[in-house]
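Okay, got some structures for you below.
The two complexes that follow have subunit A in common; it is paired with subunit B in the first and with subunit C in the second.
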Partner chain A sequence: MKRAQIQIGETIAVLFVFFILIIIGFMFYVKVIKDNIDIEKEEMSQLRSVGISQRIMFLPEIQCSEDNIIIDNCIDILKLDYAQSIMKENEIYYYDLLEFSDVNVVQIYPGEAKWNIYSRKTEDFSSKFVTNVPVSLYDPASRKHGFGVLTIETLFK
Partner chain B sequence: MEILGLAIVIVLMLVATIFVVRFLVLKSPTEYRKGFVSSELASNMLNTLLKTAAIDCSQLTITELLQDCSQARSITCDNGEESCQHTESIAKNVFTQTLDKWSMQYEFLAYTDPKSPLIKLGKTCKAEKRSKIFPIPISTATMYTKLDICG
Partner chain C sequence: MINKKAFEIQFNWIFVLVAGAAIILFFTVVVIKQKNVSETSTKATVLKSVEAIITGAGVSTDTTNRIGIPSSDINVDCGRVSIGEVSKQYQNLILFAPSLIKGDKLITQTLAFSTPYRATNLLYITSPQLRYIIIGNSEIAKYINKSMPAELKKEFYKSAPEIKNSNNYRIRFVLFDNIIAFPKALEKLPDSDVTAVKINGDNEKGTAEFYQKQGSSWTLKDTSSYIGKQSLLGAIYSDTFEAYECNMQNVFSRLNLVTKIYVERTKRLMEGAVTGSQIRCNQFYSNALTQLNSILAASSGFSRENINVIAASANSLAGENKNAQIYSCTLIY
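Now for the complex of A and B:
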């Protein structure tokens, strides 16, 4: 009777240790999976940020053109003022394109000026990326170029 | 004999753990954005700067000022600066408000002979860099502008 009790006790102890090991292994597995999901989420956010930046850089609403030929990496400062109001009036359309982001054009030379062309922010974000792109600021009146920076701040939940 | 079996099992478990930690736990996210930003930055910065018109120099572009700087040096701007000095001060102003502000190290050079540059701003990159060279035609040869962004 006593020997049988000892054997039952041994079996219970072995099972206890076995289940503890299973639980530790499962916790480790969950942690690894969670970390991998976070990494993938971060990579996806980065790709979305790059996509939004490229969409803004090639927005026809602000891009320069001469005789219907688009000039790359150039913003028309006359178009900027109109783009601001158009983007405010059609906020839902631009939200589909630009999501939660803040887009500013800052003139560096000659003089200093700033235009906010789109702003839709959220307090509840998990990642934020700021992309600065040097752009030429074209004044069609004088037909001269200035130096500016397109600052794109993207926020992701 | 049983002890040997146990030791083998433990060694195998350790190898598996090291493998999992190395390839899954210590995996860092791929920097997709960094590649995009740095590739855009050097080329856009130089391209934009060369097109910029100098307000104190009869609205001549930086390219035109650099062409004069490497040849006759006949242009004197409204503030009394020559083409080389004026180009350098505009470039310095632009880089201070952009690359310096974003804590990025860079080296900007304008030269016909790389050993004696006409304009040199910033510091030489010691390690990895993104480089962009723009050739500018002049009557005698070709001059180059080069921007290296470190990191």
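Now for the complex of A and C:
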């Protein structure tokens, strides 16, 4: 083999090793980035879940009010009865606010009752969060307060 | 003729050149890709902040915030917020904002839209770099000046002053008396950067005329209506007639849905108020139901006629709610 050919062979070998190292480094970098993206995605999903829960808690469609003054953590049962049908009829409108989620209000005292106010689920979800919020259930007809739990299940692709 | 040795040396140099070029090309591509990813990531972060603001607005009323963001140009359209090629589409977004928000700070304000019961929250976003010039001597002019956040770059004049160019990316005139002569100092600015809204009406309702600079004068784009201080502020923050109308249409859609619930709720209250002292309450509920049905019909579309109907019904409904309170009946809202 001639000297020049050996030199070229050496250079090619050096370049080969160099590119192998670059590729290994790049693969490591991509792996780190991918892990970070997954963590960020999880955080985002949690944040969106909290956002959806907050939106539900403050919907004028179900919230209690006294002379237009909002009562926190209180759901008006009379509103709730109609909110569930109106929200089902206008599912696409509410999807913008509540995305893929299932929202239920369960009365614990007095007696047991359940209202499903919104339900739009997806089969191919990658994460699911359930938020339970204790709420006061106000019946304006009898002017009595009950106790219940607002359960918000959010699904993310 | 080139001898064999010389050919070998030349070939070696060509090989080194090709390999060097390949290495440089590789790193250039990586750097360019990384730069694009980084830019898109920053834009996505800003958009996430805007999304968080929009979520927050739905759950808090009567708040004003100054939020720091990476310096960006945010485009706000009907149901769409975008930063460069990164955008987020909303079906029923209620966001009153100028079509372009520039800078590294956002000023947000939220107010409840009540007619007279809360139907939704209105969100206003603007930039401290945008200049607002309020001109008027009426009570409503003073009231609007007070209602706009102090953090804004706003100027309040009782009569038309001499306006100087202070190098703001956009200027919004808010006029309450007459349309003013176009300021000479602003003639050189691009037409889209200078807009005006002329308000005719009071706190309760009125009309808003949308003007835009055209050369060295104003041109009337279109006229819309407002109901309450909240939508009047919306007309001030939105710099185009189309953006304002789109948002108000979304507000009315929500009002329609919420009113349906109040109609059914009031019917149930009526059914329950049939004995003893409750009979008097029944009358209030019956009157309220008439007003609620009137609001329900009028909230089907955003128009001046419907605004007049809603404003009148809202006043009557507030009266019925007051009566219900006086006679210890369950309140309508």
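Operating definition for what follows: the second predicted complex is superposed on the first by the 137 of 157 C-alpha atoms of A that agree within 3 Å, B and C clash if a C-alpha of one lies under 4 Å from a C-alpha of the other, contacts with A are read in each partner's own complex, and residues count from 1 in each chain.
As a convention for this text, a residue touches a chain if its C-beta (ideal position, glycine included) is under 8 Å from a C-beta of that chain, and two chains touch if they have at least 3 such contacts.
Please read all numbers here as calculations on a predicted model, not as lab measurements.
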Combined model on subunit A: subunit C and subunit B, fit or clash: fit
Which of subunit B and subunit C A:93 touches, first, second, both or neither: second
First (subunit B), second (subunit C), both or neither touched by A:11: second
First (subunit B), second (subunit C), both or neither touched by A:140: second
Touching partner for A:78 - first (subunit B), second (subunit C), both, neither: second
Which superposed partner A:60 touches (first subunit B, second subunit C, both, neither): second
Which of subunit B and subunit C A:125 touches, first, second, both or neither: neither
Partner chain in contact with A:108 - subunit B first, subunit C second, else both or neither: first
Contacts of A:46 with subunit B and subunit C, given as first, second, both or neither: first
Where subunit B and subunit C come nearest after superposition, their Cα distance in Å: 13
Subunit A residues contacted in one complex by subunit B, in the other by subunit C: 47
For the subunit A and subunit B complex, residues of the former touching the latter: 28, 31-32, 35-36, 39, 42-43, 46-47, 49-50, 53, 73, 108-110, 129, 131-136, 142, 144-149
Residues of subunit B touching subunit A in the complex: 20, 24-25, 27-33, 36-37, 40-41, 44-45, 47-49, 51-53, 55, 59, 61, 90, 93-94, 97-98, 102
Residue ranges of subunit C touching subunit A (in the complex, touch as defined): 8, 11-12, 15-16, 19, 23, 26, 48, 52, 55, 58-59, 90-93, 114, 116-120, 253, 257-258, 260-262, 264-265, 268-269, 272, 321, 325, 330-331, 333
Parts of subunit A lying in touch with subunit C, wherever the complex brings them together: 2, 4, 7-8, 11, 15, 18, 22, 44, 47, 51, 54-55, 57-58, 60-61, 65-68, 70, 76, 78-79, 81-83, 86, 90, 92-93, 95-97, 140-141, 143
